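As structure tokens, here come the structures.
Next, two complexes with chain A in common: one pairs it with chain B, the other with chain C.
This part shows the complex of A and B:
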């Protein structure tokens, strides 16, 4: 009965459903179907030709013991941590500077600061490749100029992740600075004036007014940073191809290699689902932590 | 996530239509178009990698010289990133049933050729190619057979050669003839290092995947009679004496600091060569086009000789075959046109020489013919100014004498290459010894692949 009434209600509002149907149709075709199909595929071995062969949890079991996947996972977590620890503070400093009243030529400076984000990653990657080259890179030339030994940035297992991290920070920080900048502009100026009258210093104002007011935006930044970090691909692909010896490979690169270089499409699908699961866990943890944090602040 | 979605989207569409594979066109069907000479106006599309725009020039020359053969037909060479990329594009269009998007032919290599042939993507050209068998240089068809059938046309067969900077050898009074053997090659490196106070390196080593490809798979491994798999497909790379010899040789060169560490095909390596820091380029005839293109200012300084051989084994490097495969579309209207132009490339001496001269003028890649008859023409022995008057073409032809067998190629070799390369990269980065690298190769190959079916 109740289902009949649901259909009846839907029929009654059919025009509304008709208007929103394009999204659901496209979602069904281009996202839901592939997701379901790849989930099915993750339990199969398939090279893209012929019929997939069912292997149960074989692909997932393989991921649990595969050293390269572990390396990709470890590297991706390092990229995420480096992003989180460096980009948000840097973006906050940049946004605060952009928000200062004494800053002149604001539009020009904002545009300039934002440029790295709109520059093609591949092009910048190639430039970073030259900068970090062991034999003729500018970075090593500078190091040698001050009497330090050149560093095999791109060719050492120990240092290969650093150029990837630097490139990522350089490229993404402006985007988050812009988001935080818009958040800073939305904070009522009265709060700062009142705090100043009450004798609060700059640091006190920053930690008691700026940070709490920006908390929802910081949370948004943190979540998008996490998602971006876990799907990092272009930077290691251009700079190091994931090497040497998989020392800078990311999870998405591992997925790409399995899917499109060695054509283990079932395994690549399993990697996609493993990545989704990891992102869900990390994001869920972040949401809980943020809620707890904001609860504490409200309590204060 | 974006990649996951992209991958899954493509796969979903591929799979939905995977069951609707076209009936193989067969050689007779494809032959019809050729005998009538009537090709529908349109574009013949070919997927290539490397520098396919120069291969396109031969097709354009042919169509211009024979306007009656295929009026209204043009040729498009689509640049793909590499063998895997070309296979991926063909495979996805094929399994998705998007036959209109399929090329008429694609460049390929033995690993992908086997997978595509198994999937019914390639036309069987056994009878067509075998009729020319006696006209080709020995070994031209060796890498083409798969389950006793041929699925691709051989484009070229390039030997392994050693390129050296004669000026450096003159400067230090060292005879390059010493590099005829691997043992002599190493000794020459030591002499160069000592004479130049460590300024001159014998050759280069790439910190990435190219070291395995060029020093390993195409060079030292076949020369040392090494094996990755035995005849039953079991992993033997960590126990095979040939593999040990090949990898120890590379280790000697690397650990005695005879190799300049730099990424291959990148400006810093060319700069080092220009500055006289790199004395030789090992290994592969392809270095010819890279030297001419990137070091035109060094014309006259370089020379070329056959790849050094292990004294006790006496084998040159394994030749590399270029494959051009016709796609099994429901109506492969241009398959015969492709064959006709391919025949002109292989057997029409005038057409081939005209195109080769164009390539020389443009500092572009070209290779020797695989036709025995064509190779006898003096054109293929002409001196090459870039090599100080030495004939590169003659050297390339001579390089095919005394070749070693290529490593057994299985359909697992693309994955095996990533595993082996990672261990060599780790060695080159100083993270493990070569013995550890070899042991890890064996362990990882068994763990990740197990047995590879040898066909």
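This part shows the complex of A and C:
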């Protein structure tokens, strides 16, 4: 086919291109341009005034030895692992609980358990700040009531990540439960009946029918959870401001501080690229690890 | 099939605990916001305010321009939602129902953009916003998210199942592509539009990172930024009841809208497999 006819075909469909153009135009201006510019900046030192000064890999080398960045990276990975290990199983349990056909007041229960996701992260952060307060928080006063010592949740290096993790679990689990629930409903009932006739117990049915059938959706859950976890910012920012001693700081918060508090714009750009790279590696790792179960290969 | 009594009791018990844990922080927030400063909010007997007062709500309105911030949040979430539902469904319609050169490549590109964290380019993005004169302007929050990859993806998946024969019939009757979208497709896909609209509204109402970055004065803040500065707006001593009053004002509209929508819809919001 000659290129002439391709142009002619495209011209015929010009209205369709118009329909999809807003996304690509906005993406070009507000995401692609910043990414390219950011790449350039990541090899420079710049405080926003004057001309950027070329320093080669200086910013990346700085990141490799900066203790604060190491904390940010370690904390973010811990948030991601804790989220994956807690949220997916909890969401699966909640979805299975909701999936009983004889359940009454289904809509009331579903509405209530989904409330956390509707609640803004900033708001939950402030509420958790009050609940986990060392002196006047409800959590510590309940601990004391059962004879345990109060825990300096937000002000100790050992525990400062826990409220952040709890907040995530509380707020995000319902969203994943809802997705998994829609997946559970799509599993044909006769599969379970056949297995029961064959003498499979509840646990056996769960692991040999439910889990394999849910794999594509579990995969989707893992990927979205990963992307969200690596972009975490609001939770530590509101709860602990990343402290004490950077023990709860996240990568995006580290980026934010460098870019908008101390104006190391080149370094902040390098952090952005490091984050993108880490996220791509982790996502692709997950895609490869779960490629057979993910449903991505179907039809090949 | 008959289910054993113990199974039923266990399931209901677990769900009850789950509901309590889900609702408790919100209950605690409202309860704390009604307490006079002297009342304690630790311990078992602090669950219900002894002497409820609305003074904290008046106080928080003095500390920050709450009414103004409220309007800002409504504009960002409302206008943003309307625009994004329109543009995402239009693009989703194009990807679902038409063949055109480069379609698959463009769709793959669209999916690939979802993997790149938008925070990565934030420094130049700030410079772009400054060049556009959009720092401290709500447009900086509405325009970049006017069409999102995940929204287009969701709409395409949904519109794919729309029967093409109906479109063909309309085309024979002389309707153009946009008129078919506007008069035939849109009315049929309202469930998807409603689900997407609510997710888009929630995401924009609750957004924090971008408003924190682009909004620079108290009057232009959205509610989320406004309540985030409450703990330090009066030195370190803003009392918790006042902060919780602000938090309640920021959270209540969404929760109320959500509860109303849930009780009106027969199937509940089919908050599908995607988010805004």
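FYI, the second predicted complex is superposed on the first by the 269 of 300 C-alpha atoms of A that agree within 3 Å, B and C clash if a C-alpha of one lies under 4 Å from a C-alpha of the other, contacts with A are read in each partner's own complex, and residues count from 1 in each chain.
Following the convention adopted for this analysis, contacts are C-beta pairs under 8 Å (C-beta built on N, C-alpha and C of every residue); 3 or more make two chains touch, one makes a residue touch a chain.
From a predicted model like this one, the values you see are computed outputs, not experimental measurements.
Trainee: Tell me which partner A:231 touches in the superposition: chain B (first), chain C (second), both or neither.
Mentor: both
Trainee: By the touch definition at the top of the document, which applies to A:27: first (chain B), second (chain C), both, or neither?
Mentor: In the superposition, A:27 touches chain C alone.
Trainee: In the overlay, answer first, second, both or neither for which of chain B and chain C A:166 touches.
Mentor: After superposing on A, A:166 lies clear of both chain B and chain C.
Trainee: Looking at the overlay, what does A:68 touch: chain B (first), chain C (second), both, or neither?
Mentor: first
Trainee: Between chain B and chain C, whom does A:13 touch in the aligned arrangement: first, second, both, or neither?
Mentor: A:13 contacts chain C only, not chain B.
Trainee: Just checking: does A:79 make contact with chain B only, chain C only, both, or neither of them? Give me first, second, both or neither.
Mentor: So A:79 meets neither chain B nor chain C here.
Trainee: After superposition on the shared chain, which partner residues are touched by A:38: those of chain B (first), chain C (second), both, or neither?
Mentor: After superposing on A, A:38 lies in contact with both chain B and chain C.
Trainee: Going by the touch definition up top, name the partner, chain B or chain C, that contacts more of chain A.
Mentor: On the superposition, C touches more of the residues of chain A.
Trainee: For A:178, select first, second, both or neither according to whether it touches chain B, chain C, the two together, or no partner.
Mentor: second
Trainee: In the superposed arrangement, does A:222 touch chain B (first), chain C (second), both or neither?
Mentor: Once the two structures are laid over each other on A, A:222 reaches no partner at all.
Trainee: Both chain B and chain C touch chain A; at which residues?
Mentor: Shared contact residues on chain A: 30-31, 33-35, 37-38, 41, 130, 136, 227, 231, 233, 252, 255-256, 259-260, 265, 268-269, 272-273, 275-276, 279.
Trainee: Which stretch or stretches of chain A touch chain B in the complex?
Mentor: Listed in rising order, the residues are 30-31, 33-35, 37-38, 41, 47-52, 65-68, 130, 133-136, 152, 154-157, 227, 231, 233, 240-241, 243-247, 252, 255-257, 259-265, 268-269, 271-273, 275-276, 279.
Trainee: Which stretch or stretches of chain B touch chain A in the complex?
Mentor: Per the touch definition, chain B meets chain A at residues 1-5, 7-12, 14-15, 18, 84-85, 87-88, 91-92, 94-95, 115-116, 118-121, 207-209, 261-262, 266-268, 271-272, 414-415, 418, 422-423, 425-426, 428-431, 444, 447-448.
Trainee: Once bound in the complex, which stretches of chain A touch chain C?
Mentor: Per the touch definition, chain A meets chain C at residues 6, 9-10, 13, 15-17, 19-20, 22-24, 26-27, 29-31, 33-35, 37-38, 41, 93-94, 97-98, 100, 102-103, 107, 109-131, 136-138, 140-142, 145, 170, 174-175, 178-179, 182, 217, 220, 224, 227, 230-231, 233-234, 238, 252, 255-256, 259-260, 265, 268-269, 272-273, 275-276, 279-280, 283.
Trainee: Contact residues on chain C for chain A in the complex?
Mentor: 3, 8, 11, 14-15, 18-19, 21-23, 25-26, 28-29, 32, 40-44, 46, 87, 90-91, 93-95, 98, 100-102, 106, 110, 113-128, 143-144, 146-149, 152, 176-178, 181, 202, 205-206, 208-209, 213, 224, 227-228, 230-231, 240, 243-244, 247, 250-251, 254-255, 258-259, 262-263, 268, 271-273, 275
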